[in-house]
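There are two complexes below, and they share chain A, which is joined by chain B in the first and by chain C in the second.
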Partner chain A sequence: MAAWLARTGVRDWLFAYVGAVTVWLVTVVIADGFGAMQTLTAGLGFAVFYVLVATGQMFVIATGPGNIDLSIPATVTLGAGVAMSVMAGSDAMIVPGFLAAIATGIAVGSFNYALIRALRIPPIIATLSSSFVVQSTAIWYGRGLSIKPPDALQDFTFARVLDVPVMTLVAVLFTMAMAVVLRRTVYGRSVLAIGQNPKAAHLAGVDVERTRWVTYTLSAALAGFTGALFAGFSGGVSLDMGAQFLLASIAVVVIGGTSVAGGRANLPGLWGAALFLFLLVTMLNAAGVGSGVRQLLTGVLIIAVITAAGGEQRGR
Partner chain B sequence: MIIDWRELVRTSLPALALAALLGAIFWLQPRAMSYQGLNLLLNLSIPIVFATLAQMFVLTVGDLDLGIGGFVTFVACVTVTWLAEAPLVGVLILVAAIGLYAAVGALIELRNLPAIVVTLGMSFVWFGLAVIVLPSPGGRTPEWLIAAVRLRPPGIPLAILAAVGIGLVGHLLLMRTSFGVVLRGAGGNPRAITRAGWSMLQIRMTLYALAGLMGVFAGLTLAGITTSADANIALRYTLLSIAGAILGGSQFTGGRVSPIGAVLGALVMTLAASFLAFLRLNPDWQIGVQGAILILVLALRAVLDRLAGER
Partner chain C sequence: MTALVELGGLEKRYEAVRALDGVDLSVAAGEVLGLVGHNGAGKSTLINVLAGTVVPDAGRIEVRGEDLTRGYDVTTATDRGIRCVFQELSLCPNLTAAENTRIVHRSIRGHGWHERARALIMATLDAVFPGHGIRPDRRIGDLSIGRRQMVEIARAFTETETPVRLVILDEPTSSLDSTAAEQLLAYVRRRQADGVATILISHLLGEILSAADRVVVMRDGKVVADRAASTLARDALVGLMGHVAQQPGAAAGRRRLDAAKVLDGPGPGGRHRLELRRGEVVGLAGLAGHGQTAALLAIYDRPRAFAAEAALAFVAGDRQADGVFPLWSIRDNIAVRSFAALRRHGLLDEGGVSELAETWRQRIGIRTPDVRNPILSLSGGNQQKVLFARALASAATIILMDDPMRGVDVGTKSEVYALIRQEATAGRSFLWYTTELDELVHCDRVYVFREDEIVAHLEQDEITERAVLQASFRADTEAVA
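Showing the complex of A and B:
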């Protein structure tokens, strides 16, 4: 059993699911069984946003130590602003709005990559610098932008089949597709190869630079898309709507069992970790804990998880 | 000699950036070129300088501290509550907080953990503790602290004296003592340092404790300037401190850090924020200008490096 868990990589992400289920059960007990399904439905819906940004972040982190995308929060906010103004509340403009948000992300990701390549600086610093500029743009662009999302988009984010949000089903299909991309395509294999040893990957004929560009662009494009979807879900744009995604995107990746040392990636774990984080907050709310204790415990749990899981890897 | 010239430009880039920014501000608003003007311009820089130094100490060993913003916020919140009402308890809390910083360093070393994730978790912890200590904005900074940051030494504004003092102390400690060499060596070649009989555990704990101490100074001075606090007061300090340290020439690898550069970097970041007001531009672009200046300095550094490579 243990050997099977280790061989298949299930061991890496099992932890997140065990955590999510435990937290959910405790919540149900606290609430005397009331709202058990509603909590799970809400969790499955909200997890979509965490999973989408974390998927991009995970591909970035998988390309090796020092690779991390700090520009995600700014890109989420900018993507939301661009999408809402393109959609202008009209159902017919939903698809162009999403395309505009993705295009914004592609621009940000390409800019990130250009900084990494041209300035030869660590990706953390490159994405940090660009996040300053992108965030400023988002604030300037989004100020006073009080456009309601189109009705059809808002309906979509709340639509359900048998208590499962439709949005979640679509996102699960997407993560399954990304798992195939990671395991079965040249691009996905290249990401993991670079993360394990960029020099060896280069010598083996992997186009390191192109893979990096695609990875940073993918991360930013997903962030822009998430911004558009999140604006639909939360009823519009706010200037700091992306802020929560900086810590969340990294935390979800790490709790989901992906090594910060790179060279490994774990898509199933993202769902477990995203659900765990959301249900944890729900549980602490149900227990009547204040926001301070909630944050404190979230932090302690992140450290506990990384301490329990870590050890063999050497990263930053 | 030619290579010396290049290296000279490279190391003085933060100073050149600061001079250029000050020059532009003075040109736009000659009245800023006075004691009072400089005081107003640089007043907010003192806590940012301390926070940047804190980040630099963690960078020395090749780690990145994503929790410093939360820590400075927590210290500011303790300052306006416990330190004001029960000074002894307040001091004990702050000392314990520095101890916790050292303990985080120990955990990272002992369990071989990625610092970026652990400090990320700590940022939740600090922000959470800040909310617990000060649930709603307010509190009152102790009078002695307010008086201290409002000191008006004759001739030179306090912020400049503080920046020079902090830079010199940091420089002497890290660059001029044998212990400083060991600390930097730990970032450059930990194996060599261990072989030479030093304990990486003690080194990491020392650097994290120094970062905690600088964070405490940052929180104290910030609370002194603002006279009250809230649980979001230093939200931006994490990214600002990284930007300032990097602008000042610190790097992720090899224990390459520069205390004087970090101080200059922090001053550049502070001035960049107020620069827009002088241009009468939309303050929404404040953060953008900080990012643009950081990119510009890094680009100049890359150009200098490339020139050296071609030679």
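Showing the complex of A and C:
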């Protein structure tokens, strides 16, 4: 059993689901059984946004130590603004709006990569500084702030089938596709190879720089797309709408069992971790804990997970 | 007279390699000892044992008549006045010469330490390299490589609590100009009067013969000669380093001069062109670290500069740093170079990947019951076979090999030699950097590197250990560039 868990990689992400289920059960007990299904439904809906940004962040982190995308929050905000102004409340413009948000992300991702490659700035500094540029652009652009999302988009984000948000089902299909990309495409394998040893990857014929560019661009494109979707879900754009995605994108990746040392990643864990994070917040709210303590616990949790994962790697 | 240092029966193994195979060595106070040998002869291991950075498997270490074998380490060595200047500089580039000096002298402390450290290193620099022109407040990283080396050497001669008794200089003149090199050797001889002994390692045999009192020659982890320098000439020394029996060109008679060139470009240094023909196995020889790996990487990264049309594959020699993907299975480690070719409808064909890995497991004899096992479950030699399989399983027809047989057992070696020959006959071309003289008999031609240049081009019938050694070690009569 243990060998099977290790070999299939299930061990990497099982922990996140165990955590999510535990937290949900505790919440149900605290609330005397009230709203158990509602909490889960809300979690499944909200998890979509966490999972989408975390998917991009996961590919970035998997390319090895030092790789991280801190521009996600700003890109979410800018993507939302661009999408809302293109859509201009019209159902017919929903698809162009999403395409514009993705294009915005591609531009941001390419800019991030250019900073890292051409100016040899460490990714953490490059993406952080570019996030200021992107956030300032979002403020300056300003449009979309007062625009309501198209009705069809809003309806879509709240549509459900048997208590499961339709948006969630679509996102699950998307992450399954990304799991195939990670495991079965040359690009996905290149990411994992670079994450283990960039020099060996280069000498084994992997196009290291192209893979890095695609990865940073993918992350920002997903952030832009998420911004558009989140604007539809929350009824419009606000300038700080991306802020929550900074910690969330990293926490979901790490708790989901992706190695911060690079070279090991999985997609199922993102859903477990996203649900876990949302339900944890719900549980703490139900228990009447303040937001300061919530943040503290989230931080402690990330450290605990990294320590546990790191300990296991040392022993290997 | 008691020897300053007395080493007896030292043994050290690395996997299959006997780096030290029963070495006895004694150094007297005030003696300059030259230590020579080709790559892998055991020189580095020997001086690392003396410096306390390598613990021998067996043997005895005595300093000034005191048995220190048990628990001998760097601190023991430095406390007894044994100093080491390694080939790779060990100064911190972000600190000044004075600060780097303080690091090795714990007694320089308290108020005014900076001034005292500066005075100490400057006095030694002035004594060793008069007119050196080094400012002690410059960061090491801002100095030229030659001046960095001067600081490194001078620091080894600085004294505070313990007097310097033995200084080991590993290729000390490699980045010094000829004036500084002469100054250093003159200083070493002056310090003999104070009883300071020196062990000198150099690929400049003239330097060894003129500076040393005694020369020790190592080969295959053993001391094969120990003679007064005055009784030796350069040719005799070269002869001692190689094996006695030597027949050139085991691969004789199969070279095709008419085969098409697959690589053709200016060789490093510009004196010789670097060429590789279809079906050829060409060796890159010379002492380790004289530019062979850099030449291979230059070809790999800019194949157009060498008119390469065909795909290239690289076989790394430093498995952990450049070769293995530690999280992956043997299967994926073999197939990674071929992933792009193993796609079906844009996705990796898992069956094809397994088939490829299984084919090569059998062909190259990787000792594992299942290619899905982790790569790290294999021994070093078998991991190396995986790296060979990775290159040979790919479509690449030009194979660059970066000293791939390091630390590989004899059995694996002979299997791989046969495979290389077989693949060359089938039309693949190999450029093979090797630090082992024995391996050159498997080559059709050899380029010898020295100081980042190709200094000799040996045709098949000229490949002898002697010829390679002659080219690898510079004679002093040759002009210094």
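Note that in this section the second predicted complex is superposed on the first by the 309 of 316 C-alpha atoms of A that agree within 3 Å, B and C clash if a C-alpha of one lies under 4 Å from a C-alpha of the other, contacts with A are read in each partner's own complex, and residues count from 1 in each chain.
The rule we apply is simple: a residue touches a chain if its C-beta (ideal position, glycine included) is under 8 Å from a C-beta of that chain, and two chains touch if they have at least 3 such contacts.
Values in this document were obtained by computation on a predicted structure and should not be read as measured data.
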Side-by-side fit of chain B and chain C on chain A, or clash: fit
Contacts of A:Leu115 with chain B and chain C, given as first, second, both or neither: first
Which superposed partner A:Leu173 touches (first chain B, second chain C, both, neither): neither
A:Ala88 touches, of chain B and chain C: first, second, both or neither? neither
Touched partner set for A:Gly263, first chain B, second chain C, both or neither: second
First, second, both or neither for A:Gln196, with chain B first and chain C second: second
Partner with the higher number of touched chain A residues, chain C or chain B: B
Chain B versus chain C as contact partner of A:Arg294, first or second or both or neither: first
Overlay on chain A, chain C to chain B nearest C-alpha distance, Å: 7
Common interface residues of chain A - those touching chain B in one complex and chain C in the other: 316
Chain B contact footprint on chain A (complex, rising order): 66, 68, 70, 115, 118-122, 124-125, 128-133, 135-137, 139-140, 143, 247, 250-251, 254, 260-261, 290-303, 306-307, 310-316
List of chain C residues in touch with chain A within their complex: 300, 313-314, 316, 321-328, 332, 336-337, 339-340, 343, 346-348, 350, 376, 390, 394
For the chain A and chain C complex, residues of the former touching the latter: 180, 183-186, 189, 192-193, 196-197, 199-201, 203-206, 263-264, 316
Chain B residues touching chain A - in the complex, by the definition given at the top: 62-64, 66, 107, 111-118, 120-132, 135, 231, 239, 242-243, 246, 252, 282, 284-292, 294-295, 298-299, 301-302, 305
